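Listed next: structures, encoded as structure tokens.
Two complexes come next, and they have one chain in common, chain A, joined by chain B in the first and chain C in the second.
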Partner chain A sequence: MLKGSVGLIALSSLLLSGAAMAQEKIKVGVTATLEGTYTVLGEDGIRGHQTALNVLGKKVGDKELEFIIASTDATPDSAVRAVRKLIEQDKVQILLSPLSGDEGIAVKNFAKTHPELTFINAASGAQETTYVDPAPNFFRYNMDGAQWQVGLGKYAYETKGYRKIATVGEDYSFIYTQVFGLVLEFCGMGGQVTNRQWVPLGTKDFASVIAALPDDVDAIYLGLGGADAVNFLNQYQQAGGKAHLMGGSIMIDQTILSSKGNAKNALIGTLAASGQADTWEDPGWQKFVKDYQDAFPPNKRFPSPSLLATNYYGSTMALILGLRAVNGDLSDNQSKFKTALAKLEIDAPNGKIKLDSNRQAIGTNFVTEVVDDGKGALFSKVVKVIPNVNQTLGYDPAVFAKIGLPSRTVPECKKY
Partner chain B sequence: MSVTHDARVSVRTATGVQRPGLRAWPGIDNPAAWIVAIILLIMPLIANGFFLIEIFATTLILGTIALSLMFLAGYGGMVSLMQLTIAGFAAYMVAVFGTSDNANISLGWPWWLAVPMALALATAFGTLGGALAVRTEGIYTIMITLAIGAAFYYFTNQNWAIFNGHTGINNVGTPRFWGINWRADIPFYYIVLGVAALCYFAVEYISRAPFGLALQGVRDNPRRMAALGFNVNAHRVAAYAFASFVAALAGVLQVWNYRQISPGSVSVGACIDILIIAIVGGITRPVGPYIGALIFVLLRTFALDFLVKIGLDGNRFRLLIGLGFLAIVFWSSDGVIGLWQRWRQRATPTRPIGRSGQRSGQGSGHG
Partner chain C sequence: MTRFVERHPAWALIVIIAIALALWLIFAVWPPGLEEAIGRKRVFLNAVFNGITLGGLYFLVASGFTLIFGLMRNVNLAHGSLYLFGGYVGYAISASTGSWILSFIIAFILTALVGILLQVIVFRRMEGQDLRQTMVTIGLSIVFADLMLWACGGDFYQIQTPSWLIGPVELPLITALKSSGEPVYLRYPLVRLVIFAASVVIGIAMWLALNRTRIGMIIRAGVDDRDILAATGVRIQIVFVLVFALGAGLAGIAGVVGGTFQSLSPGEDIRFLLASLVVVIVGGMGSIPGAALGALIIGLAEQLGSVYIPTYAIVVTFLIMVLVLALRPQGLLARR
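Coming up: the complex of A and B.
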């Protein structure tokens, strides 16, 4: 009994000493989805992050950067829990977080309770995060889901001649934002979106979804990601599906294109749009691909970086360049650092990125088509590059505000 | 209400005989219990914000939810997997009736109206679920309650009108009165500690009150209890009502803790986590769930860091958590409490085994 209480006291003093360590370095917390449906996305995000550290180094002035990684599972609660752990236990001063759409909304809201810290979005792409009531200390150097779809609707309508499409997407904010971008453009051209199906994140059995796909449409748009996308493709192929496909930004991505098995072959020829294209000839992109490939052995990475790797690379780059601009000065509640970040323009692998007044990225978008490289590996090939895509997608802000926030039924299929 | 009343009335006949021997509180003469109580009380002096809230307050909240399961499973023989769902329901109700960022959903009531409303609705929800479940036994109870939990999870995930779908409800308002922000670390810790202590002692008390004794009788031999004139189902439903209230209290604390609630918090996995917590801690005594919760929270928080620190692949941290639980359950079918008791018995082999020894033996039968 006595032993037990002595042990307890020893334990609590141990906890205390661990928590009270002095801070010499700049501590940065990183979250990624290392669990659940989006595990592969999170892992590749971390690879992108490490590639950026290899290229840019971990030193700012005379200060060393220390990174602490925490895991989430794409649910907002897991993201808030991870971020709180990083701030309160690991005492990080800057956060590179999070990966997924709804996590972004929750972390943005959480950021308001810590106005003294700086949050740099790692990869999440829900529109609401920076468009509705943005947090002054939350910076996003990647475009949102709607921006990543710019050009797709127009290309499908004009070049491919699609007139009627149906969509299948995961039932959460990022995919709403993606479908928002697609519908706005496609219906604006005169196309029709006849049916929008929503499946919960983490769906394993797509039988009823596949059975309900309409066959009087020109193409079916897939807004799925990670394990959900692979499951869908397997079951779609087994069901004998032959429709033309269009894909969202995490559907037509190396996380899916380099999955095992041949279900992915259903994707050859699929039209998609994203913040990157695997075969873009820009030297900056080619260098990034090479850095990524050199950093990891071939069996521990994708043949080419995924969108998540690119986003984590970009956000890590912004973090380091922002810190260098102020020489690691985080005094005065990091105000100098925040000002520097807001003004920063980065030469990211996927084109130049600058921020708008909501601290949301304005960047370059790519319309792509999936090709087989002849050796069985699939890549997304550029068919169109669209520079300077802003969050209101080129609409007048007042008109854009009237469309409403992305949801299952917004926007309506009409010309705004 | 009438159900609870019924239960009390029917118990009264049987109490006179059993009561005298079980009137003392266990642990009142146990210095270890006092030391733990004092450490918990002065915790804000020992631990900083992270350990205070993320570890200890979270432990107490999860432990209280698991306590409601322990009450049902340990005293009532009913393994309910919907305890977290009830807590989550209460949390959602606080967000819906109180204030949050989602102005189109939240009604903006002050906390002192929203919380009783949430508690009442969640207790009603749990009682109804219990009324469904009591018609079954054993594995069928587990299945019905799991089905309720799963249905609630998918409902919240896809309902946007009340539950705001996968996004959930953000920036839920927390109470501020008497000039104190009750969500600040130290006041919040004491609220959590107070509620957890209240629930703990309530369960301790009920376990030796006539109602609790009758419930244990129902657990051990429902047919005989029915023959003695007890309304078996009414007792079980009343037990669900009480356990739901305990879980609902913890749910309110949970939403105040994270200021946010979303379907991930009420997922099927999280429901099963509560079962794991209760089993690992031990469901023979009310303190078990809290011990289980502490182990669970420590593993969940530090497994990744620990693996990275010893140079292994951090991605496999779930494996470490699973192995930890497996080890505990393998060596002790009645959880950490069972280990502790066996260790104490071995440490003092000559002393005659007292009441606690008997309890453990009796408990392991259904552990």
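Coming up: the complex of A and C.
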């Protein structure tokens, strides 16, 4: 009996001290795709997040940041489940989530049910997330898929002389947004997109997709990522494919360019556009690459950070700088923090980023070509840098609204 | 065969016409009108070949499943886990030694050992209790899936194709005629053809072993009546262990094959368990030729579906299963 009550007292004092500790901490929930097709993307995202914490530290004023990581698998329901768990069980106050397009739309909608909390998008890039009915407490410091394709269509048309292309992409919102950006610009120049093939996320067997690729086009655009992209390239090599390729932002990325095997060599010379370029000479970018490389041993990271690492770095940076601006004050349903975030301009590794009235990033975009560094490693070499890319891609907002939302068939291939 | 024609002349005619049409579609040069209607012949031929080679993979998984069921009346729902386990073992071996062939041998041996352990430790204790065995295998498959997730992580693994198998070969099938009248031949990935040939060889070897050898005779007798066989003095438990080892080993080999031309990840175990369930339901539980036919039908349905009706491709497989269950519930090639 005595033993029991002593135990009880010990236990309750433990709990009490836990509660006292919690007041000096700010709990942040992080989600990443650590399962399924996009596992490698999620893992590198977390590396970017870690790098940001190494550089900026975990302290805001006298408060310590505590991060809790939850895993998703790129499906919207897995993201909502993870976010709900972080809020309800772990009692986080701020969310750094999610990674993938469909997840982003779902989490944005979920964010409206918790107006008192703050959601900072980690890396997702579907247009709809911030363009349609945005949540007032959802902030996105990375550009969307369409912004990340700015410059690609023009470069392919003018410099490479491509006139007809076909696309193959994963069948979900982020890739719709990427193809949206590409088609708008390429068709606006006068090019033709003859065929758009969509494959389910997590497709294993691409043989029939590869066989159905048209051969009367100048180039084929690949909007794939993670394991899908690696599977595609392996089977493309087995089938002896030889077309000119163009790539989306997660296709031409270190997650694919440093995959095992030699199937990736098909990508040498491939054009792409993204929110970053591996070989950019900007000192801020070079410093970030070095910080990333120093943070992890060579076999536990990519030779150079992927787009996901960069995005997680940027969003973590925004989180910490935003908190510092209000000295960690989360009172009044975090309203001061939210105001500070909306006004925040960050000097991210991939260029300056500020937010528009929908709390969507305006930033810098890069057109790249894949090069071999001579030692067998592939990198994206910058060929064009385009600053100040906004969500309407430079179109008049009224004209842009008429184009419609990215989908399997939108936009039509014409000049808007 | 002749009996089937005599008993169902109308069906026989339909089957013959369908076969003739399929052969014509594969071998003839398509007239332009047809190409306009259903797309290029290259796409069709590729889809057919992909379907057949995918069927080869499904056969490897499902044959072990159906063999175990046929003899022991044991629905082993942990069969998918054996597939994935074999794949991971194959990946580890091929990554550390660089030998693709060796990975097959080791994957076979290790999964067969797991199969033996399962039979000796688990199934022997609950012989004849179908429901209990099924529930236990569901539980085991969940445990195995979590253990493998713990050991291998959520990442995707792809077994490297040996360099002599990379690239396409030209097949003597004409896909189109150039404007000069010169024929264009079908180019197809060599590795898939080799894998298909291997699964045909394994299938024929299994058929021969079952029909031409003494041990095969014992297994067939066991399928028909276990108790009488045991009463004749055959040590049935040893036969059980042997068959379980073979069935599990085949799933392991299939894992290496699947890891080579697709990839390995958590969730694949369920996918292949489901595929082999559909295959044996369509073909007939317990029948090896049934597994071959079912695998072929499901493989073709998946691939042709993904090309011609991409949005509904996933439904086609299950539609076939529903049709078979409605019209011939014992499966296409099952004996009554």
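The working rule: the second predicted complex is superposed on the first by the 393 of 416 C-alpha atoms of A that agree within 3 Å, B and C clash if a C-alpha of one lies under 4 Å from a C-alpha of the other, contacts with A are read in each partner's own complex, and residues count from 1 in each chain.
One rule holds in what follows: contacts are C-beta pairs under 8 Å (C-beta built on N, C-alpha and C of every residue); 3 or more make two chains touch, one makes a residue touch a chain.
Treat the numbers as computed from the prediction; the structure is a model and nothing was measured.
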Ask   = First (chain B), second (chain C), both or neither: which does A:Asp205 touch?
value = second
Query = In the superposed arrangement, does chain B or chain C reach more residues of chain A?
reply = B
Request  = Pick one for A:Asn350: touches chain B only (first), chain C only (second), both, or neither.
outcome  = neither
Query = With the two structures laid over each other on chain A, which partner does A:Leu34 touch: chain B (first), chain C (second), both, or neither?
reply = both
Task = Once the structures are superposed on A, label A:Arg81 by its partner contacts, choosing first (chain B), second (chain C), both or neither.
result = first
Request  = Using the touch definition from the top, say if A:Gln89 reaches chain B (first), chain C (second), both or neither.
outcome  = first
Query = Is A:Asp102 touching the first partner chain B, the second partner chain C, both, or neither of them?
reply = first
Task = Once the two structures are superposed, pull the chain A residues common to the chain B and chain C interfaces.
result = 34-35, 43, 71, 198
Complex interface listing, chain A residues touching chain C = 34-37, 39-40, 43, 71, 198, 204-205, 207-212, 226-227, 230-231, 234-235, 237-240, 260-261
Remark   = Residue positions on chain A within touch of chain B in the complex are 1, 4-5, 8-9, 12-13, 15-16, 19-20, 34-35, 43, 69-71, 73, 75-78, 80-81, 84-85, 88-89, 102, 105-106, 109-110, 112-113, 133, 171-173, 198, 200-201, 407-408
Query = Which of the residues in chain B come into contact with chain A in the complex?
reply = 31-32, 35-36, 39, 46-51, 53-54, 101, 154, 157-158, 160, 165-168, 170-171, 258-265, 267, 301, 304, 308, 314-315, 317-318
Message = List the residues on chain C that touch chain A in their complex, please.
response = 39, 42-43, 46-47, 50, 53-54, 153-156, 158, 160-161, 166-168, 187-192, 261-263, 265-267, 302-303, 306-307, 310
